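Shared between the two complexes below is chain A, which has chain B as its partner in the first and chain C in the second.
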Partner chain A sequence: MISGKLISAICYVLFAPLIGGLIDGIGRKISARMQRRVGPPLLQPFYDLGKLLHKDPVHVAPSQNFFMMSYLFFIVMTGGMMFLGMDILMCMFVLSTAVMFLYFAAVVTGSHYSAIGASRELLQMVAYEPCVLLTCVAFYLVRGSFETAEIIKGDVSPIVYLPGVFVAFIFILTIKMRKSPFDISTSHHPNQEIVKGITSEIGSRNFGIYTLAEWYETVFLLGMVALFIINSNPWSILAAVVVIALVYFLEILIDNTSARVKSDVMIKVSWAVTLVAAGFNILVLIFFLG
Partner chain B sequence: MFDLIIPFLICFPFLIAVILLCCGKSKFGNIVSYLGAVVIMIASVAFFVYKGVSGGFAFGQGMYVNTEIADYVILAGEILIVLVVTFLSFKYKRYWVSLLSILPTAAIIFQEETAAHEEIEHIYIDKLALLMIILVGVVGSLIIMYAVGYMEGYHNHHKEVQDRRNYFLALLFMFMGAMFGFVTCASLIWLVFFWECTSVCSFLLIGYTRTEEAVENSFRALWMNLLGGAALVVGIIVFYNYVYPTLSFRTFLMVIPQMTSFLGAVGMLPVFLMAFAALTKSAQLPFSTWLLGAMVAPTPSSTLLHSATMVKAGIYILIRLAPLMAGTPVGTFIAFIGGFTFIAASLMAVSQTDAKKILAMSTISNLGLMTACAGVGTAETTWACIFLLLFHAVSKSLLFQVVGATENSLHSRDVEDFHGLLYMLPKHAMFMFIGITGMFLAPFGMLIAKWSALKGMVDGKHILLILFIVFGSAVTSLYWCKWMGKLIAHPHKEKKVKDVTHAGEMLSFWIHGLAMILLCVFLPVISIYFVDPIIAGSDMFNANGAAIPASTMYILITILMLVFIVPLVLYASGKNDHSTEKLAYMGGINTGKNNGFVDFMGEEKTLMMSNYYFDKMLSIEKLMKPAQVVALVALLIILGMLGGYSIGGMF
Partner chain C sequence: MYKITRSPWVMHYDGSSCNGCDIEVLACLTPVYDAERFGIINTGDPLQADILLITGGINTQNAPVVKQLYDQMADPKVVVAVGVCACTGGVFKDCYNILGGADQVIPVDVYVPGCAARPQAIIDGIVKGIGVFQERLEKMEKGESLTDNKKAEETAESEDK
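And now, the complex of A and B:
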């Protein structure tokens, strides 16, 4: 049992970058098709990463290097803890710690583009954190444990009890993945008002580390989506993969069809969705379970 | 012999205070204060160790049944307090405030004199009391050591304030003595005395500078706290006359659960009144404004009010009452007010640029979380509450001291002026950083306590509290993070700052930092040998086993320690890494120092970066009144319910 958990955690550490990179590649391809472009090759993200990691390392402030390494470490740790079957709430606390390091790496530079991006990253955190914590609470209510190993053991998929929470989680996923309309802290194209926001001053190897961390994070977040679906029936894993594919497609669609909103709108809307969808769902759940 | 330490701890600070008052303006006071603080610290630690070695902390111990002389001293003290309050109320023309002191004191003295003689313990030492003793003893003494150096710098910096530093130090000592008495006494009469004592000490401390604002704020603190004291007195009188005729706090805690079954609301009325008193002392909404106003006084007094004493006295009472409140309407409403204070105060903290105001709002907000935990009153949340109290005391004391010392050197306590503090006052920035991490980040125990609190509230199915906590903690992260970002940000301009921090202050920082790390490392030990038994005690939950299984806790601690160690390792290993330094992208041409650019006219422009504050949306002026109204309505509802039922029950 323990070894099973260990294997899944090791698999995560080893293969998450591969999966994350592939997902990124597929995403770019789909995006391109939506815009009637051919798009880059499927493996382009890997070529990009390889090139970034082989460049001469640069920094604006020396501490950036260690902040970015810590960021990567804690993102990997977050996912590792989840795949090890550990406490999901603690995972989320470690994830916020990771985000903090990214924030530090941006804010030490003195560049205003980077500093604005960093401040906005905090606002994004304020926008998604309540929903993320409520999701953990919702899992606990359904399964009586915060541990992912227990959460996946039920007879019925948690989504049956948690449709509202699921909707809210998908909503904040857009914020967490920094996709439009909530690409507040950074933007896809450097020719916009905040340049590349939080990543403006993160270059060459450090940007490679950032990309890698983003892939790990994507896999972790999609793993969270899978937690809504997986139950004791092995076939549910297949269902989870299908749901993940649909969710990811939806994210790309939203990304391509919406324009960036202001940060205060983001916070208000996401809090409203969290309160209405997740809060109401949990209220009903407590009413029926209690 | 060691049992004499309790009266010693209570009386010795008062003695030192008297000596200090006699010192006048001489520098002799500094030496007396240092010595007094060291003696108190050693005595409290020695007592703690002795209790641990001799009995393994295993027992509660009642003492001092016959205390006739002490009773007279306390009676004299009560009258003295009334005289002081009345005199000052008349001096500053706030006549009605004196009534809040005269009437309750008269009532409690009448109650005491007419009560039938009973043999009760006046001092009771159990683990919770012991925990409070060591907290007050160590943190309080450190604050006094810090205060001696601070007042030196303060009076050099503020020439307009009359130099009465020995009087100030004397008040700090009195405060400590009152706190020791408060957490150890088992007689309700004594409890009221020490309660009023802390109220009056804080009033005098806040009014230290005697400016108009200081007088105004000190009277606000006074009337709110005296109102709480009045509620306490009414609670005791109701309890004595309608529930059970005793003046023993221990018996109070024991009999209420048994009496409520047939007495109904009358039984809960004293509990509510006592909890209400705790709300005033812990600066919960609608009484939060007094703690904000307390900032006009020199920093050591804020430190003392915010960390180990005063506000924690309220929480201490709430922890004692927690088992009585669990699952009752009183508990629900107290928890609601706590949770609501948590989110409202953290929202208001976002809009503040004044470091001390941020700290004050964060204190109120964290106390809210503790109140909510105590109000829910299950074993788990009470466990969380005790740990929150412990960690908050140490972190907040450190933060206030560092901010005070920084203000003395930098002549500003605006967080925006802390931009790049790491390059101006590196040690201060480091300790501030540690203090802030202690407030909300891994690896410090605050996080585990929060985790436990959330779990307990989910178990209790308190949906509203869950929402308060998840939204509140998101906002909490925001205001701390942006502060941390300021500390490490690249400086706008080169600024030479003269560090005027005293060695005593620095020593206090180091001890605090060390204490925080030790608390973190030994969290499981503290939990297993100390906090779990408090929870399991017969006067608490009688529940066997820990609120959190030890295995879970070890895993959590290991993970959290990683958060601490990994960045250090990465920092050390990455130091000699080859990496080229580049200039930041500025839009225009970078001037070469990463803090400005050359504009299109060829002029050099300096960049100024500022944080988000949302001050139009979240200012204290805008949010405080509505928040107070909400909390007041909640209080009135529960008071109406209890009052109605009680009166109905009597007929």
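And now, the complex of A and C:
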């Protein structure tokens, strides 16, 4: 059993960039089709990454290299811990640590644009963190454990007990993936009011590392979505893949049909959704289970 | 040898253009021309860009800006001048504040003529630029100097003085 967990964690470290890059490529293709364009080839994200890593490494401050490597390291660790079946609350704390390194990589440069982007990244954290914590608590209420290895073991999928929490989690997923309307700290699309926000002063090679970390993070986050679906029945994994595909499509649809909102609107809306959907769900759960 | 040609990220800088060429640059990204097919992304960030697209002439105010943008880009990099204004100064050439085309301050690799340059010509120019880009990368990986361009040396010298 332990070796099984280890294999899944190693698979994550090795293959998450491939899957994450492919998901990114599919996303860009679907976006293009939604805009009636042909769109880039499916493997475009890999071409981009290859190019970024081949360019002359420039950094605005030498410490940026350290911060970006740490960012990547902690993101990989987050996903690795989840696939090792470890404590999900711990994963989320490690993820927050990773974001802190990204924050520092942006603020050491002294550029206004990246400083604004960095402070907006913190605001994004403020917006999604309550929901993330409530999600962990909800899993604990359903399964009696924070460990992902235990969460996937029940007879019934957690989503049956946690529809409200699921809705809230999907909502904050848009913030976490930095997709429109919540792409306020940095944007996948160019020429926004703060250039590229938190990634403005990140040079080519470090931007490649950032891209890589983003792919790891995508796989981790979609893995979190899968936790809602997977139960002791092996077929539930297939169901989880279908749900992930639907969720990702929804994210792209929202990304393409909405304009960026202000940060205060983001915090208000995300807290409201968290409180109403996840909070109410958990109250009901406590009432019936407790 | 790594093929870098599939992912040219473009940064567009508007000098003192009449906005005609700028509209055409943006038109390249619309569904009709869809430059993203070739992996072309319009990024606003010099640190991550590969190709600098300049529209409009260089005047006394934007000359240091263009120079700085160029310096911020990481090697290998390519400059494409779009429209006659960016090539030579165009109809504004004789204005009191115009220094001339983009090559007055930075080395230009590809000149795209036209007033305004058509989107097809702009995409063609970028694709030409990609070739230069690949050459530069190969040179860079062999450890050769990239500043073979006389213009770059000249401007550097004149600044030293």
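Here, the second predicted complex is superposed on the first by the 290 of 290 C-alpha atoms of A that agree within 3 Å, B and C clash if a C-alpha of one lies under 4 Å from a C-alpha of the other, contacts with A are read in each partner's own complex, and residues count from 1 in each chain.
Note that in this section a contact is a pair of C-beta atoms (placed from the backbone, for glycine too) under 8 Å apart; a residue touches a chain by one contact, two chains touch by 3 or more.
These numbers were taken from a predicted model, which means no experiment stands behind them.
Residue contacts after overlaying the shared chain place A:Leu42 against neither chain B nor chain C. By the document's definition of touching, of the two partners only chain C reaches A:Phe207; chain B does not.
In the overlay built on the shared chain, the residue A:Lys55 is in contact with chain C alone; chain B does not reach it.
Once chain A of one complex is fitted onto chain A of the other, the partner contacts of A:Met34 are absent, as it touches neither chain B nor chain C.
When both complexes are overlaid on chain A, the residue A:Val195 reaches chain B and chain C alike. Once the two complexes are laid over each other on the shared chain, residue contacts for A:Val107 go to chain B alone; chain C is not touched. Comparing chain B with chain C, more residues of chain A are touched by B.
Within the superposed three-chain model, A:Val269 lies out of touch with both chain B and chain C [touch as defined at top]. In the superposition on the C-alpha atoms of chain A, the part of chain A touched by chain B in one complex and by chain C in the other spans residues 56-58, 60, 195, 200-201, 203.
By the touch criterion stated above, chain A contacts chain B in their complex at residues 56-63, 65-66, 69-70, 73-74, 77, 81, 86-87, 89-90, 93-94, 96-97, 100-101, 103-104, 107-116, 118-119, 122-123, 125-126, 129-130, 133-134, 137, 140-141, 146, 195, 200-201, 203, 205, 264, 271, 275, 279, 282-283, 286, 289-290. Those residues of chain A that touch chain C in the complex are listed here as 28, 32, 35-41, 44, 47-48, 50-52, 54-58, 60, 190-192, 195-196, 199-204, 207.
On the side of chain C, the complex with chain A involves touching residues 2, 4, 6-7, 9, 31, 34, 36-39, 41-45, 47-48, 50, 74-76, 137, 140-141.
Interface of chain B with chain A (complex): residues 441-442, 447, 451, 454-455, 458, 461, 463, 466-467, 469-471, 473-475, 477-478, 481-482, 484-485, 488-491, 552, 555-556, 559, 562-563, 566-567, 570-571, 574, 577-587, 594-595, 607, 609, 611-612, 614, 617.
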